[in-house]
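A, B, C, D, E and F are the chain letters, set down in written order, and residue numbers restart from 1 in every chain.
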Amino acid sequence: MSSFTHFNEQGHAKMVDITEKTDTVRTAVARTSVMMNKEIYEKISNRAIQKGDVLAVAQVAGIMAAKKTADLIPMCHPLMLRGVDIQFAWDVEEQTSRYQLLITATVKTKGSTGVEMEALTAASVCALTVYDMCKALDKGIIIGPTYLVEKTGGKSGHFRREDK
Amino acid sequence: MSSFTHFNEQGHAKMVDITEKTDTVRTAVARTSVMMNKEIYEKISNRAIQKGDVLAVAQVAGIMAAKKTADLIPMCHPLMLRGVDIQFAWDVEEQTSRYQLLITATVKTKGSTGVEMEALTAASVCALTVYDMCKALDKGIIIGPTYLVEKTGGKSGHFRREDK
Amino acid sequence: MSSFTHFNEQGHAKMVDITEKTDTVRTAVARTSVMMNKEIYEKISNRAIQKGDVLAVAQVAGIMAAKKTADLIPMCHPLMLRGVDIQFAWDVEEQTSRYQLLITATVKTKGSTGVEMEALTAASVCALTVYDMCKALDKGIIIGPTYLVEKTGGKSGHFRREDK
Amino acid sequence: MSSFTHFNEQGHAKMVDITEKTDTVRTAVARTSVMMNKEIYEKISNRAIQKGDVLAVAQVAGIMAAKKTADLIPMCHPLMLRGVDIQFAWDVEEQTSRYQLLITATVKTKGSTGVEMEALTAASVCALTVYDMCKALDKGIIIGPTYLVEKTGGKSGHFRREDK
Amino acid sequence: MSSFTHFNEQGHAKMVDITEKTDTVRTAVARTSVMMNKEIYEKISNRAIQKGDVLAVAQVAGIMAAKKTADLIPMCHPLMLRGVDIQFAWDVEEQTSRYQLLITATVKTKGSTGVEMEALTAASVCALTVYDMCKALDKGIIIGPTYLVEKTGGKSGHFRREDK
Amino acid sequence: MSSFTHFNEQGHAKMVDITEKTDTVRTAVARTSVMMNKEIYEKISNRAIQKGDVLAVAQVAGIMAAKKTADLIPMCHPLMLRGVDIQFAWDVEEQTSRYQLLITATVKTKGSTGVEMEALTAASVCALTVYDMCKALDKGIIIGPTYLVEKTGGKSGHFRREDK
């Protein structure tokens, strides 16, 4: 059974030493969602085909947040991100009033630790931005669940989440 | 039907003018959760009664993130936060293997716009930090759902989420 | 003849004391421009009526930069911005091959110092972002001139630039 | 005809994947200027030979801004800068009342993307800081034009701006 | 005996609620020092009367750091600083080879909590910057002691350190 | 006699060019201390064996500050830190009323410049955080002296401070 690696012998947290780890290409894909009401769904969608665009702002926020991950997550190592992409998809079912925006963030680097946190942070801040821009219409919006979909590279190798 | 206030007449986003809004005391409470496996639950809990403490790190991260909200969310107004508190609770049911950490962030200010985004950001980054410190043990951890529980102050008045 | 107020008696810079200044509504409008070739002009314009949009990204960057002004400009006082808007206009003359994007940033606050630097910073970073997103097509893009168009509020009163 | 590389297939912006690009030495030189009146010119110049020094502050601001470029420009890749230098020169012509400060920023790295944006950002923030420190004397100061003078390294090779 | 106010009832840290505190003018003065060898002392001093100037850079760093205090110190409330000044003095005694730079940072605000941390942070980062710029000459430089000299304003009233 | 390398030929500061330096493993150890009264010492110590913990917060602050070093120290090169650890020890002597917390920060990277500034910054901000969390009890707390204990790697080789 492995143990926490974030704590030093005094029981306090530390940023673990990764000097010995080698630089490899690493990717991570994270997903979250935003569950909203019909009115907001329609307004976002309509904007999306005009020039104003909630998703455009949210996407910029997500990408910028990926670059701030090590500044937000205390024990996270700084990394030079080499690519960040955020994709949107709608999961809509009128009968059950489900209007759900799916947000998928993909992050890539060449470095000595993985980019799971960067992908999760990008997705989370992207969703928070959607919330911010729509909260005047409905404060009942729900974000998440948020989880890692896939990661490649590094010693722990390939991870692929089973469909939930 | 109200309309989006974040867009200017060119259809682009803007930070809406709140010069005319008055400074009042405002609070917001947001909640998220971290669903983990039994091993991680036990390790976090045991730490919690020793001096090393995943939750202590996560809590510091959440509080610091609240202060960075306007730097993360593009159209969010900067605010002088006057109080931030993060509480943890466990929702554990052995039979169904549910080991869930509940995170509740409360933010308070005296200002001209609400602190919903600050509370949601604090809760989200707190959960991401728990994920970061435990991900070596299990990459299947799930964050959220994340939502606003309550807000007070401001023109839109009191909001209290119905139990879901 | 007034003297520099940013220097202390040792000849070093300081952030001047504004404790005695009163909080009033203050606005500032700054302008810059991006001079590009025809190909880039057409690509930006076409995007602008589809959903991908150089200007949407640049605008988000400009608004976020306004909030970072005191972090960028050493002697600038931190301020709680209450509104930021960025407008675009095209100044195009086919015969002389002038394809110029005009960027106008308007910033508003209620505080004890003006927001000229915030408006100038928003406009500048907005233009730099346009440059960044188009530089693969042409490295000869020119930004500026950048200048203050108007300011209101504060002891120095109203300033309005004569047309240049 | 090349196409925008900053957009994904959904038409939204992304940080382009540079994992395959190799690390080479890269330099960029950018230039801007600050056009001021005679009074400000004389005050800055006189300070320059005493110990208080507008240019010293502006230069520090420019160098620090170069390090923040990826935090300001949304689609810009983070880079480990290896050298930043800012030089000043005066272009003064009494007869035509031209008092212009020329600012030249040189940035160097060893990495997988160029440093044009870092040089342009350094020059821009350096000029904005000069403006900030002199604006109490004259709000009519003009910044720019701002442009890339030269770049070396990378696939696109050497670029050298023709004299304008 | 007063108790820690930074901890909530779960024993975790929190940013204490200061909503009820009133806005008053508050000042704080902090001091630190940098103990160096004769060579460095002479080089800094000589620069100081030319235009290049270690102290000018250190001072800018200290002022900018004051503005970042709430971003560095987890439980520190954000504050709108209204004035920051850093003064240098030399304490030199050739016989005992004491070459000590004294750094005094004064911070002022009008707000609901004190500015002790801002003054201490400004002084500390100013000293660290002197260290950074001189460390190629001697790694044995010593910073501090660092302490609060005086504070005014707020419920706890006036504090003035006895000469040590 | 070596000369300052942080100044360009105009006498202004610059970030020195390290393009030619090779990437090697580098470590630095810095130390500071916090001198407090008996009451604070006892409160911190007692917390330390319960779950609330001044040192846990201070340690997180120190680690996060290490990652911000290049943002705080103007001429400091950005670096990808690969490990940060902060250790605490008490130096207590009841008879002389000495209650001193020793803070030792160790930083590691693989890069082209040393990590002395990162270790010194981590130790300093860690100490400032202890101050912040205890200042309601006593404003007479003293931080430091702060100094480099050891460094390895790089052209200048091994440095080890003699016991003071």
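Heads up, the rule we're going with is that a contact is a pair of C-beta atoms (placed from the backbone, for glycine too) under 8 Å apart; a residue touches a chain by one contact, two chains touch by 3 or more.
Chain identities (UniProt): A, B, C, D, E, F = Cyclic pyranopterin monophosphate synthase.
The shown structure was predicted, so the numbers you read here are calculated from the model rather than taken from an experiment.
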Open item on the list: If I compare contact pairs by residue number, which of A-B, C-D or B-F overlaps with D-E on over half of them?
Closed with: B-F
Open item on the list: Report the inter-centroid distance (CA atoms only) between subunit D and subunit F in whole Å.
Closed with: 32
Open item on the list: Roughly how far is subunit E from subunit F, centre to centre by C-alpha average, rounded to an integer in Å?
Closed with: 15
Task: Per-residue overlap in subunit D, given as positions that touch at least 2 other chains - done: 10, 12-13, 51, 53, 56-57, 60-61, 64, 68, 71, 74-75, 80
Open item on the list: What's the contact topology between the chains, one of line, ring, star, complete, other?
Closed with: other
Task: Of all residues in subunit A, those that touch subunit D in their complex - done: 25, 55-56, 59-60, 63-64, 66-68, 80-88, 108-110
TODO: Enumerate the contact residues on subunit F facing subunit E in the complex.
DONE: 1-7, 10-13, 32, 35, 39, 43, 47, 50-54, 56-57, 60-61, 64-65, 68, 71-76, 116-117, 120-121, 124-125, 128-129, 131-137, 139-148, 151, 156, 159, 161
TODO: Mind listing the subunit B positions that touch subunit F in their complex?
DONE: 48-49, 51-53, 56-57, 60-61, 64
TODO: Could you pull out which subunit F residues touch subunit D in their complex?
DONE: 8, 10, 12-19, 70-71, 74-75, 77-80, 111-112
